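One chain, chain A, appears in both complexes that follow, with chain B as partner in the first and chain C in the second.
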Partner chain A sequence: MNFHMAWRNVWRNPKRTGIILVAIIIGAWTMLAYCALARGVMASSLESALNTLTGHIQIQNPGFREDPAVENRIRNPAPVAALLDHALPKGSCWAFRVQAGGVASNARNSQGITIVGIDPEKEPELSFYGNATAQGRLLEPGDDRGIILGQALLDSFETKIGRKLVLMTQDADRETASRAFKIRGTFRAEMEGTEKQYVFITLAAAQKLLGIGDNVSLACIRLPGRTGQDKAELNPVVEALTRELPRDLTALTWIDLLPLLKGYLGMFDRFMLLWYLVVFIAMAFGLVNTMLMAVLERTREFGLLKALGLTPVRIVKNVLLECLVLLVIGLGAGNLLGVLTIYLFSGGIDMSFMAQGSEFWGLGRLVVPFVTAKDLLSVNAVIMGLGLLVCLYPAVKAAGITPVEAMN
Partner chain B sequence: MEILMAWRNVWRNPRRTILTILAIAFACLVLIFMLSVQVGTYEVMINASVKTRTGHIQVIKKGYNKDHKIRQVVSDPESIAKILDQTPHVTAHTFRANAFALLSSDLRTCAGLITGVDPERESKISNIVHTMRKGRFLKPSDTNTAVLGALLAKNLKVNVGDEVVALGSAMDGSVAATVLKVAGIFSSGMDDYDRSAIQIPLPHFQEVFYMENAVHEVVVTCDSLWHVSRVKESLAAALHPKPPAEPTGQDADQGLVCLSWDELTPGLIQSIQMDLGGGLIFYAILLVMVAFSIMNTFVMAVFERTRELGTLLAIGAGPGRLSKMLVLESAFLTLWGITLGILAGCVLTFWFQHTGIPLGGAEGMLKQYGIPGLIRPRLTLATALSGPALVFIITTLTALYPALKVRRLTPVDAMRAV
Partner chain C sequence: MNMVDVKEVSKTYKQGKVAVHALAGVSLSIAKGEFCALAGPSGSGKTTLLNLIGGLDTPTQGKIFLDNDEITGLSQSRLASIRLNKIGFIFQSYNIIPVLSARENVEYVMLMQGVPARERSERARAVLDDVGLAGMHDRRPAELSGGQQQRVAVARAIVSNPAIVLADEPTANLDSQTGQGLLEMMARMNEERNVTFIFSTHDRMVMDFAHRIIRLKDGLVAHEQIK
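Up next, the complex of A and B:
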């Protein structure tokens, strides 16, 4: 009954209702679309950061993060390997790595790089190493003379597959260690910086170069699917690992390893909320104005209703119900448009026309917009909740109309 | 006459008028503030990059900015310096040479980028001099002395007074080695740079790396960002006296190019464009929202007064006068809104320009890009007026619709309307 009345009241002035509905629809639609784009951007930068050798969890010597030098290595990898083989959730993968700073040089050029010793069988599943061979082939198990480097680094050394490259670094005894490797292949990464920074050799070759026996720098773990992106899902795994790890090692999540990225994602979240508010306020002025007009031009009517015995609370309820009708229609259409837009772009937006700009912001080259259920909820909650709140003003105004003043 | 009537009409419904004015003012305020924040951030980013790294313009061997090979040198920098001395708007210039090397202290070894600088002239261009945390910057009398980034010093575990051995390849491919004494440690705020940079006097660099008198970069700063392109043009003309109709001619032998900061760090300008693009979408959405939000006021101003307007027509007011009156009404609203918005926007922006906006958890991230933890918006005439100008255009367009619609009213129909 009440709803029926509200519905009719809303459509008494279709033009006015239409205009304010368009405002609500555009508001909801753009909030969703902008949110989806921002989520896509965040996911893309997170994914590319995790792919760049971070993984979801790393097992390290506690000193390694502050000072990634040879001294801070894992000296007894065997129990760690045994633990990781049985304690990780199904579908996870992990591998040991040796990591050390060094210089690569040939007759043409010399450049500072990070030497990464990898397990040729397990590493491809873990990081970008596996998914983008530009030329040649990846390392094979036992290929202790081979090296894989980024395409950009290869170009700047003016060399090609099959040629030699000399790596120089400091070994465990603090002596300068150097050795020549043969270039087997090159990789392409989303960022040129990555291509220029990392060179890959086998774990055994790296251990020999640094003179560290069977020791490793870290173990990198990747959990299945998207489960590793959320703190709540990471924590139980980390706790389980920490319980059984040898005392002198720690398990760190990407949130610990990349605090900057975490801060950046947090800023994005806050920015989205600010954006919702700004759009909402722009919309709210129109909403209040429209409802106010609808109420004040019906002064006589409200006076009459009151004279007939309607309590002020019921009048407030009625006006809010009209407001609700507007908001529900607007939100329904706005959500539909928003989801449709996201669907249209679900193939991803190619950012490569801005490659260097997106590299600057740490983005991948493809951004796929998406929203989570939480986003949908918060967009709708903001518009609905705050919308009803601002409509209280015209509603209270209507409830305050006295029969005498109205009849006059 | 119309003005008076319009003014009175506007205040017939003060509540609605005030809400509409506030909506317009809000749009102006948001636009002014956001634009100022963006401009402020860009300026800081550009200046940080220009001051610590690239300078406004560099003269380099073609391709050096991409490959950074030690053989890509400017072999006769002095002749370029002579040209620069006579070019207007140039405030300072200096030479630099760079090479990758393995740096070892007693405890550690890591890779670094050695830059040979002219201590005296460098201090006029780069702000490294002002970011010394320990010790002092290089002096002209220094030889095998070095200043290095704070993170590099931490990685090498060295302090002022310690020695660092540098090992690299010289220009002729032979081994270049030198022992450097640490004179100072700087912290530019850009982690990337502080993790790898080490600076030594240019003459010592040229000796160690067999460069003779050659350098890699001639770095130029100008008196303002706006003069950069002009200086660049005149410099390019002076470098290549022959008309550049045939770029493959003799000029290519010399192979020198003149690049401005945006060409030297293309990522910077693209990231600015990207951010600006995102901002523009944001502003467009906001403007459309506001337009629909205030449209009802304008439309209702006509429709609820149809009778009244009909009467006016009947007693002889032409449709032109009615339109004029309605346009004046909306102009009052818009102007009030914009004035209020500009005032509030400027006050707010000005306030934050002085206090700065703290960024909480994201400070570290921004520091990587050379943005300090506080963002200071920058109020300029352009940021203060371009937003409100857009608001003015969009509200005028919105108001035009009812003002034109009124022309189709006939007195008889209008006076019958409720």
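Up next, the complex of A and C:
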């Protein structure tokens, strides 16, 4: 009966109820939409960064992060390979890489680049290398003469597929080493900088060029699906790896490797909170005002209830129940709209119109908005919890009405 | 056995710097089963006295006993509980909760009292029939006449057999014929259910129903008449 009463009271003034419902609906809707967009942008930025050769976790020589030189390499890859083959969560993938700075040149041009030696079989599922071919083809296993480079680099060398490119670098004995490779294909990356920076040759070719035998620079690991977004998901894997890793090696997460990106993503979280706050404050004003109006309009009624022997607590509960009805209806519709909107854009939003700005942060061109269950929960909890909290004011006001005043 | 004992009660309202002595030392006793009218000119303190007896307000001086328990000095929550369980109120107007039907209005008080659902509904139906609202149980206040609304208020006031029913000018907003009907019904409830009634009124006709008339004047009992 208390619920009946609240329900009917809510609909006593349909116009006013309508206005406040619209406010709650818009609030919930925009919170969800903004959250979904931010999540999409964050996921896209992270995905793009992880794709650009970072991966979720890397196994490195402790000195490599500071100074990615040949000396700071993994000298005992065999136990690492054995470990990674059995200790990673199901669905993960990994591969060794050799990485060294060098110079690429042909008759027309020469340019500083990063030489990346890759496993032609395992690398494609690990980074953008596998899914961004612009021209030609990828390296085949054993193709120790082939090279893949970015489309932008190819253009600046004014060369084409099938032509030669000479790579020059410093080998393990600090001697200059160079070798000619044949261009097999080019890749497109989201950022032109990436296209100009990386050239790919086979792991064996890189090892030979640097004179490091079977040694490698690092192992790159990709965790399955959407896992690995935060410390909580990464840490258990890192701990498991560190336990069995040879003493002279270290496991680093993308958070260690890209602290700036982590900070940038954290900024989004804070913006999101700020947005919640702004929307909520606007909504709270509407809610408190309407409820206050509703309460004052019914002074006599609350006086009567008090006279009949209802306690102030009971009256607070009655008013809050009315707020609850409003909030539940508003949130229901707001969530529905929000989820529908997210569904409508689930094909992705093309962000290339802001390519200049987005490139800076490595924002992917396609942003797919999404929300996690936790987001849904927190948006609803924020509106519901704070909504009831601000309704406490009109509720307490109603409870404070005395019958003697009200009945005069 | 006295249902109400009012002992040397005075009530002073402060309006700015002026003190209004609404009651200036009233003493009276009302026995169980009485059907008693409070009369007196406007401003004589009728409403004030009813409010004090009903625990809606506290006296400036003096003591009030309800069913032999002192109610002066009790906390707000104790007073609320006494109002809920021992007192029935009928006001001049705006007596019933507008969003609830006649039956729900009667049931709501029982819900607050903790009466089980089935019993609530049975008792509400019976009492509504008793006050002459058979067939109108599910009407909302807006669909009831003023007299019928007052009948709902009476039904709600007596449904849980309170120690006393306090009615402040229950007929003031009704035409004399409807008022008379209401009074007849209240008198019948008083007889059949042995509920104690105190009601205030200006109206001669209403006073005629009372077994006892207490006349107030300037906050004092001026005259008593027992029939």
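Just so it is clear, the second predicted complex is superposed on the first by the 407 of 408 C-alpha atoms of A that agree within 3 Å, B and C clash if a C-alpha of one lies under 4 Å from a C-alpha of the other, contacts with A are read in each partner's own complex, and residues count from 1 in each chain.
To be clear about the criterion, a residue touches a chain if its C-beta (ideal position, glycine included) is under 8 Å from a C-beta of that chain, and two chains touch if they have at least 3 such contacts.
Please read all numbers here as calculations on a predicted model, not as lab measurements.
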Side-by-side fit of chain B and chain C on chain A, or clash: fit
Which superposed partner A:G225 touches (first chain B, second chain C, both, neither): neither
If touched residues of chain A are counted for chain B and for chain C, the larger one: B
Partner chain(s) touched by A:M407 [first = chain B, second = chain C, both, neither]: second
Partner chain in contact with A:G347 - chain B first, chain C second, else both or neither: neither
First (chain B), second (chain C), both or neither touched by A:P312: second
Touching partner for A:G102 - first (chain B), second (chain C), both, neither: first
Lowest inter-chain C-alpha distance for chain C and chain B in the superposed arrangement, angstrom: 13
In the complex with chain B, residue positions of chain A that touch it: 15-16, 19-20, 22-23, 26-27, 30, 34, 67, 69, 101-103, 105, 107-113, 156, 168-170, 174, 176, 259-264, 266-267, 270, 275, 278-279, 281-290, 292-293, 296-297, 354-361
Chain C residues within the chain A interface of the complex: 51, 54, 56-57, 76-77, 80-85, 87, 89, 91, 94-100, 104, 107-109, 111-112, 156
Chain C-touching residues of chain A, taken from the complex the two chains share: 1-2, 4-5, 8-9, 12, 300-301, 304-312, 314, 402-404, 407
Contact footprint of chain A on chain B as seen in their complex: 15-16, 19-20, 22-23, 26-27, 30, 66-70, 99-102, 104, 107-113, 155, 167-169, 173, 196, 266-274, 281-282, 285-286, 288-290, 292-297, 299-300, 303-304, 359-365, 368-369
